[in-house]
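Both of the next two complexes hold subunit A, though its partner changes from subunit B to subunit C.
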Partner chain A sequence: MATASTNAPPQRGWYKRNEIAITPWLFLTPAVLFFSVYVIIPIGQSFWISFHEWDGLGEKIFIGTDNYERLLGLGDQRMDRKFETSFWNNIRWLVLYLLAIPMGLFIALLLNQTVRGIRLYKSLFFFPFVISQVVVGLVFSWFYLPNDGLFDVMTGWFGIDIRGGVLGNPNTATYGIIAAGLWPQTAYCMILYLTGLNAVDPEQVEAGRLDGARGWKMLWYVIIPQLKPATFIAFVVTIIGALRSFDFIAVMTNGGPFGSTRVLSFYMFEESLSEFGFRMGYGAAIAVVLFFIMLGFIVYFLYSMWRDEQAAR
Partner chain B sequence: MFPRPIEQQSRSVQVGYQALLPIALILWLLPLIAVMIFSIKPDSDFVQGNFWGLPSSFEFFNNYGKVFFESDMPRYLWNSVVITVPTVIGTVALACMTGFALGVYRFKGNLFIFFMFIAGNFVPFQILMVPVRDLTVSMNLYDTKLGLILFHIAFQTGFCTLFMRNFIRALPFPLIEAARVEGVAEWRIFWFVVMPLMKPAIAALSVLIFTFIWNDYFWAVVLTQGPDAQPVTAGITAFNSQFRAAYHLMSAGSIVAALPPVAMFFLMQKHFIAGLTLGAVK
Partner chain C sequence: MHSITKTSLAALVAAGVATTATADGHALSGTLRISSDMSNPAPRAVMEKMAADFDALHPDLTVELTIVDREAWKTQIRNALSANPPDVVNWYAATRMTPYVDAGLFMDISDLWEEPEMAALASTKGAMTLDGKQWGVPYTYYQWGVYYRKDIFDELGLSEPATWDEEKANCQAIIDSGRKCYTIGSKFLWTAGGWFDYINSRTNGYDFHIELATGQVPWTDDRVRATFANWRELIDMGAFIDDHQSYSWQEAMPFMIDGEATAYLMGNFSVAAFRDGGLTDDQLDFYQFPVINPDVDYAEDAPTDTFHIASGAQNVDAAKAFLLYVTSPEVQTEINGGDALGQLPVNANASIADDKFIQQGFDMLSNNAGGGIMQFFDRDFDAEMASVGMEGLQEFMVFPDNLDDILDRLEETRQRIYN
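So, the complex of A and B:
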């Protein structure tokens, strides 16, 4: 802008002279303020609250790391059993939820054709993702009903009887919920892969064919490397989805039977807003632990994105 | 193309594939099909244990009529609309601005702010729960729609900024430079040069956010209670306790609650998928 100064009138305002430097900040201010108040600052506040005993209304009582000691069983205490169950259930969610990625790829490969009506098939396969998790959870809980549920009827044909129904039995309940969660998640991964497959370089596929690559080999050495961006996004959304799982549990079992389906996000909610009184401090401590589990993944995601950013410059 | 196009295969493989598709689809959507059938069954079917058979009579109007005229469902639906629409408008407006600022200008802290938005969006939202609830209560917005709207706008801005910024990055930059050389003010560049090009992104984000917010359950139970402000996802649980074990009504209610995002998806499919799969292709 300095080059223009010779013929510009000298009384050009301060704003005009610094327009390019100031404009982005003007555009950013409302969103940054909003985002700070509702997202960034609360993260810090949660850390702070986790060192207190607080019922949400009265005074916060500072108790240092007591909440964490109780939670993790430091010192001479035992680890909080509910926390232990929730933590291992979170691990189950994480591992099993990732199945959505290969399953989504499988369906995408099945549907990546150009027969008549395939577009409609694709959107109908994707359909479960659009429905709210609350409704999906409800539907699956009827599917799992003991005696009357279709699942129970079908397992009955093979002589398998799960006592109390899938969701009534502490050994199976979590897996039943995860299966319900996999349904929409698989649909999401499928649509990512369909888009990815669309962009696969046909020349490379032809070259692979000429070199005699077929079936699995072609998939593994030629196709999957090209689907890397789709796989990355599928991985990100699946991990986040697994750690956020709350709706399904709240709707399908409400943490039961005998607390066997709790995960950290649900346990945190339960402690903070339970009918036995609000234990916000303890809840915040659980959330902080969940945050640290997530942080590992967040750092990895951000690092990958940052690397792409550098490469793009 | 991979897998090998089916037209290049033998006739029998083609016929087999065509036959397989509908079967696979029915299996895949079986839970949904079941609920649809549930919702037109009479009460007596469930009493007699006829859960999964054909309905003994067609009760579509009866069941859905009950949902609309004998429950709080219409109120919950309306609440959802009142929460969702302003959130979509607010978020998209904010994200257009942040996307423009982060996508067009080079300045110190650009990447830092961008990554702050992304990181905040990845955070498990339970860590926000206690402070946000406290903040909402202290602003006297607990159990109001406005309280939910404000939070949703703030939180969704993270994801939308990521989306918009990458979209604007892909626009031809010489266009903006040409406008600058012409001496066009920066805000006019935003409004007259960049905004018209952002229409597809705005459409995609709007349908996505609509669906996300409509389907939100966690914040609905954290920040609201009761039929004055609760959206339909939370309302459906209240509805279900009103009609305990009345599966025909619960399924009709669920279908009604799920319908708006579904309609949105089928109407705006192209934009919806473009939004969801942004970045899936380099």
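So, the complex of A and C:
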């Protein structure tokens, strides 16, 4: 065999000689191509458009950083109030949406037992995640209706009257929408934890029990550390879900009352693509700001995954 | 010189086509492509019939009709007009045309408006004019006004108010009877725009209203404040239903159908919904928005829907002939009839449907709208101004104390947009 290989004819093709180096790139080419065309290049275009004033039809007019100055209130202008409202609503979403993680864990622990019909209960709890966000939003907006809505009736028992209904009152509307969003998000986290709980090592639980750990201590020191991968994924999907909160807002309040429930993604849509929009440059500037917020999280996620991989080696 | 002769020749051809086409129909050939937003059931049937009839009139011509959802069309028209445009499209009159006129996507059809037949459309010419040229033709419009429960008015011994004082006195009587004067659903904002149009034009006149719409007057002007002060009188009385910011205009209708509220400032399209809701013509009636300032003439909201020719149209002759066909008295009578659109014809020689609301509206707009015809808040104002403005109007209706802050915000927007 050895002689055969040394006597092999030297005129192997260029590809054959570089096969090891090239093949991975060949396999990557379609993905790289599509990722560039549909993700990387549009990001660059958004940056470019954000330096212009453009109605989507006529000529683009280059205006430098004017859009950003107006958006962030640089110089002697006030910060764009709609932007300010949207930004703080985004923060509310990010913080409160994380409640889905402990709630999901709680339900998962509750359902992680063997009783008759447990599969049915599990699927019932998972149900809200399966139905469309639009349907969830619509159901909750009926639930919140002033006077006739079930929620209003229930708060009425305690003598609480929210002026304008939950979604009609600028102080409560965003929280009302977040609560609607938490319903399917909790179900999602629950499923992640249910699969995570299957992987919990029974020997460690046994060992913990021998050492006298029970209740909260067992949960905190033995179970939850083992659920770390599930928690990480739940965190990622919840953060992404919070930043994508567009559908609920569009269905439930359309950004109202008086714009108090806007988030950045909704504001971006309104400025650039809605009926009264088509201020592409300004919309793109909002998109860029949103991009940097997301980038912060993405960098953190990638860094954690990289660190875990390093630790695993 | 050459271009002038060419356009007038084209106009002559178009005129010849329009007049002779009905007789022998040999002149038009090829394909006429129409994109329409008449997607609701009744308008859809009207549009399909119009296209089919026009097709039948011209044996050599094929009419291709595409109907797009009305809401979707508001954003899709941009794409439709930019690449491989159809010949004829639907849109709206007045400022709403501006982006397409500025971008050169609508064809200047001033020559068509020179035709003798078009004299019968003179009343709508202003709404189709930008930069001194005409960019389309109207095909239907409808009045706005106060639709009210006649049976409740009779029960309380009230009559249709003609002045603001009578209006408020009526309203007080209605509130004292445990009802609300007006239902409104402001979730989608535009309904509040109707109230502003009326109170502002009745307080300061049509000319001032249009100056405000075109950005010539600051929002912080005392005359604008006077408008809001008048509006606030009603709000402070408790004239409007509670929680209106949570309802769409349809969701606000049951309040009037159930008799919890007695009137609705709305467009004539609401009549069909009232009738579906179970109100008979004995219970439902209509009055013109009352006078506030006796020194200014009545101005009325009457939004106009239109047809335009795309500047990239392939079959311009057929497109022009179609616009003349649509605006002709016979077609206008037919498509605006009670069993079709149920609205007002744009051609003065057309006849009006046998419906008391359409007839009252026609009478009001022909004889009692000396101030002028407004196209509605979101069509007269610049698009961005309209969206910021309507949000402010909704906020004002819920928190009237925020007025100063709202007006400052609107003024900031006005200065940015119009300067």
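Keep in mind that, in the parts below, the second predicted complex is superposed on the first by the 278 of 313 C-alpha atoms of A that agree within 3 Å, B and C clash if a C-alpha of one lies under 4 Å from a C-alpha of the other, contacts with A are read in each partner's own complex, and residues count from 1 in each chain.
In this section, contacts are C-beta pairs under 8 Å (C-beta built on N, C-alpha and C of every residue); 3 or more make two chains touch, one makes a residue touch a chain.
Everything numeric in this text was worked out from a predicted model, so none of it was measured.
In the superposed arrangement, does A:Cys189 touch subunit B (first), subunit C (second), both or neither?
After superposition on chain A, A:Cys189 lies in contact with neither partner.
Name the contact category of A:Met218: first (subunit B only), second (subunit C only), both, or neither.
first
Looking at the overlay, what does A:Ile249 touch: subunit B (first), subunit C (second), both, or neither?
So A:Ile249 meets neither subunit B nor subunit C here.
After superposition on the shared chain, which partner residues are touched by A:Ser132: those of subunit B (first), subunit C (second), both, or neither?
Once the two structures are laid over each other on A, A:Ser132 reaches subunit B alone.
Any idea whether subunit B or subunit C touches more of subunit A?
B
After superposition on the shared chain, which partner residues are touched by A:Leu273: those of subunit B (first), subunit C (second), both, or neither?
both
Which partner chains sit in contact with A:Ile43 here, subunit B, subunit C, both or neither? Use first/second/both/neither.
first
Counting only touches as set out at the top, which of subunit B and subunit C does A:Gly56 meet: first, second, both, neither?
both
In the superposed view, which residues of subunit A touch subunit B and also subunit C?
Common to the two interfaces on subunit A: residues 56, 145, 273.
What residues on subunit C touch subunit A, complex-wise?
71, 74-75, 78, 82, 99-100, 102-103, 105, 187-189, 242-243, 245-246, 378, 383-384, 386-387, 391-392, 394-395, 398, 409, 416
In their complex, what parts of subunit A are in touch with subunit B?
Those in contact with subunit B are residues 19-21, 23-25, 27-28, 30-32, 34-35, 37-43, 45-46, 49, 56, 109-110, 112-115, 121, 123-128, 130-136, 138-140, 142-143, 145, 148-150, 153, 183, 188, 191-193, 195-200, 202, 205, 218-219, 222-223, 229-230, 233, 236, 240, 243-244, 246-247, 250-251, 264-265, 268-269, 272-273, 280, 283-284, 286-288, 290-291, 294, 297-298, 301-302, 305-306, 309.
Hey, which residues of subunit A end up touching subunit C in the complex?
55-58, 70, 81, 145-147, 163-165, 167-168, 253-254, 256-259, 270, 273-279
Which positions of subunit B touch subunit A when the two form their complex?
1-3, 5-7, 14, 17-18, 21, 24-25, 28-32, 34-35, 38, 49, 51-52, 94-95, 97-98, 100-102, 104-105, 107, 110-111, 113, 115-120, 122-135, 150-151, 153-155, 157-158, 161, 185-187, 190, 211, 214-215, 217-218, 221-222, 233, 236-237, 240, 247, 250-251, 254, 257-258, 261-262, 264-266, 269, 273, 276-277, 279-282
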